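Remarks on the structure that follows.
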Amino acid sequence: MTGSYSLLAADLIGVAAFAASGASAAVAKRLDLFGVGFVGFVAALGGGILRDLVIGSVPPLAFSDWRYPVTAVFVSVAVFYLHPQFNRLRRAVLLLDAAGLGLFTVTGTLKALDAGVPPVGSCLVGMLTAIGGGLARDLLTGEIPVVLQRDIYAVVALGGAAVVTGLTWLDLAGRVPLAIAAAAMTGVRLLALYRRWSAPVAAP
Amino acid sequence: MTGSYSLLAADLIGVAAFAASGASAAVAKRLDLFGVGFVGFVAALGGGILRDLVIGSVPPLAFSDWRYPVTAVFVSVAVFYLHPQFNRLRRAVLLLDAAGLGLFTVTGTLKALDAGVPPVGSCLVGMLTAIGGGLARDLLTGEIPVVLQRDIYAVVALGGAAVVTGLTWLDLAGRVPLAIAAAAMTGVRLLALYRRWSAPVAAP
Amino acid sequence: MTGSYSLLAADLIGVAAFAASGASAAVAKRLDLFGVGFVGFVAALGGGILRDLVIGSVPPLAFSDWRYPVTAVFVSVAVFYLHPQFNRLRRAVLLLDAAGLGLFTVTGTLKALDAGVPPVGSCLVGMLTAIGGGLARDLLTGEIPVVLQRDIYAVVALGGAAVVTGLTWLDLAGRVPLAIAAAAMTGVRLLALYRRWSAPVAAP
């Protein structure tokens, strides 16, 4: 899929969605304009930076392709100035975030497999690509990462990464199966939100 | 020592011990099953991931050898389900953690020296290998890292790393001297726990 | 500029200033001697370590040149033992910190450009070199990073990095223009402190 315009567009939609979630969290914490831009940048691109460092692809895409940071910062600044109107878009952001989850998992897993990372490691890299930005967003704003607490989020990424790895192993990782995998992750994530599914917590 | 089964076994014991400490902290913070697995993974493998990124050995071992993440996650899930019984094992975990401290310092320092890192840097890498996972565990669970507060822990690693570097410089870094160095670190750490030694805090 | 003694001296002044700020924060949080040394090390060298990982220059300078960690740790230990006298030096530390901001931005941006990172990415790397250590210092001491909250700090670095990138593009990045750029950043930072300039916060 690498290099295609459709992939770039999909990737930038994920970046925009994650930047919006990061910038919203930063506005809620009363950070200043720079802080909002920075947390948006990290939320959108932190997972990909971690992925690229782990697979040895330096400089990471966030630094080698200006469209990634510019998209993240542009969206973050827009959230800063428009956040009251933006609150009405919360559902749209959750939808885009679920889309980003699927897209980042697929691209992260594929890049790791391409770089020669073995299957189990590639699944972990794919999952980290999807959740790394949100983890960093929460740490920067002084919260215990929400992805570790109750949500069905990272597990969707891990399962999806396993599917992508399996498809690659079966030589079936064409454009259509991968798009279906990303869409399925997005669907499961939205279903988990709608039904308020949550992972178990240990008995006290 | 690289490649030997005894080293792998030793390394995985350290991974298991650090995963248990991470998972216990995550259970205490009421994280969900995924959060417990993730914090266990990071506590066990975060130090080694940092080491491998710093010495340019990518992908890090945590991603290139499935036995490392599988051990960490298996132990973490066991802690999640068995933690009431597990509390009785607290002493065993402290013992294993002290063993992990010695083992991770030795392997981290040796890998850095092998990669051509100069002596002072190799000591720092060895120490970071041993304490990095615990640091990340505490940050993820919203705590100021305990290793920075009162304990005699990192200083043992730093001293041990200096000994390993000295042995290597003297061409004495054979299996037996290194095993003695690891055991000595474990012993000093246990003595510090038992005697409640603590590092000084600045006068107010 | 690489390799010159004047650059090394300038770099080590920045390291010393950032170590002092990290160690002061750690003393205020009642961390022990090791914690003070570690937070000082991370505050002084964290930005440079991140820079070197991103541009693929491994092992990072903090591990390959002993003068960097030794300077950071020496200053941190001095702050630990002398911090009551040290408080009277707060103005000197703020001055040195502003100098470090300018110097680290210039060297970080140049190293990124040298490593082939495109202009937008190089500006980001230059800024991260300057603010990365302070970010890590605040995370380790349990604070939301101050650079994200109100101060005019990172924006000075970002603007300065753009100037350095422009000078390089115009083939004017000689010793004198770069020194002027660093001094200008330091001046703007001090002016922002003196006039209590702050970045805007989003309307509620």
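A, B and C are the chain letters, set down in written order, and residue numbers restart from 1 in every chain.
Everything that follows uses one rule, which is that a residue touches a chain if its C-beta (ideal position, glycine included) is under 8 Å from a C-beta of that chain, and two chains touch if they have at least 3 such contacts.
None of the values given here were measured: they were computed from a predicted structure.
Comparing the contact residues of subunit A and subunit B by number shows a mostly separate set, under half of all numbers used being common to the two copies. With angles rounded to a multiple of 5, the C-alpha fit of subunit B against subunit C returns 120 degrees of rotation.
A separation of 29 Å divides the Cα centre of subunit A from that of subunit B. Multi-chain contact residues of subunit A (touching two or more other chains): 53, 139. Chain contact summary for the complex, subunit A toward subunit B: residues 53-56, 112, 115-122, 124-125, 135, 139, 143-145, 147-151, 154-155, 198-203. Put simply, subunit A touches subunit C in their complex at residues 26-27, 29-36, 38-39, 49, 53, 58-60, 62-66, 69-70, 80-81, 83-84, 139-142.
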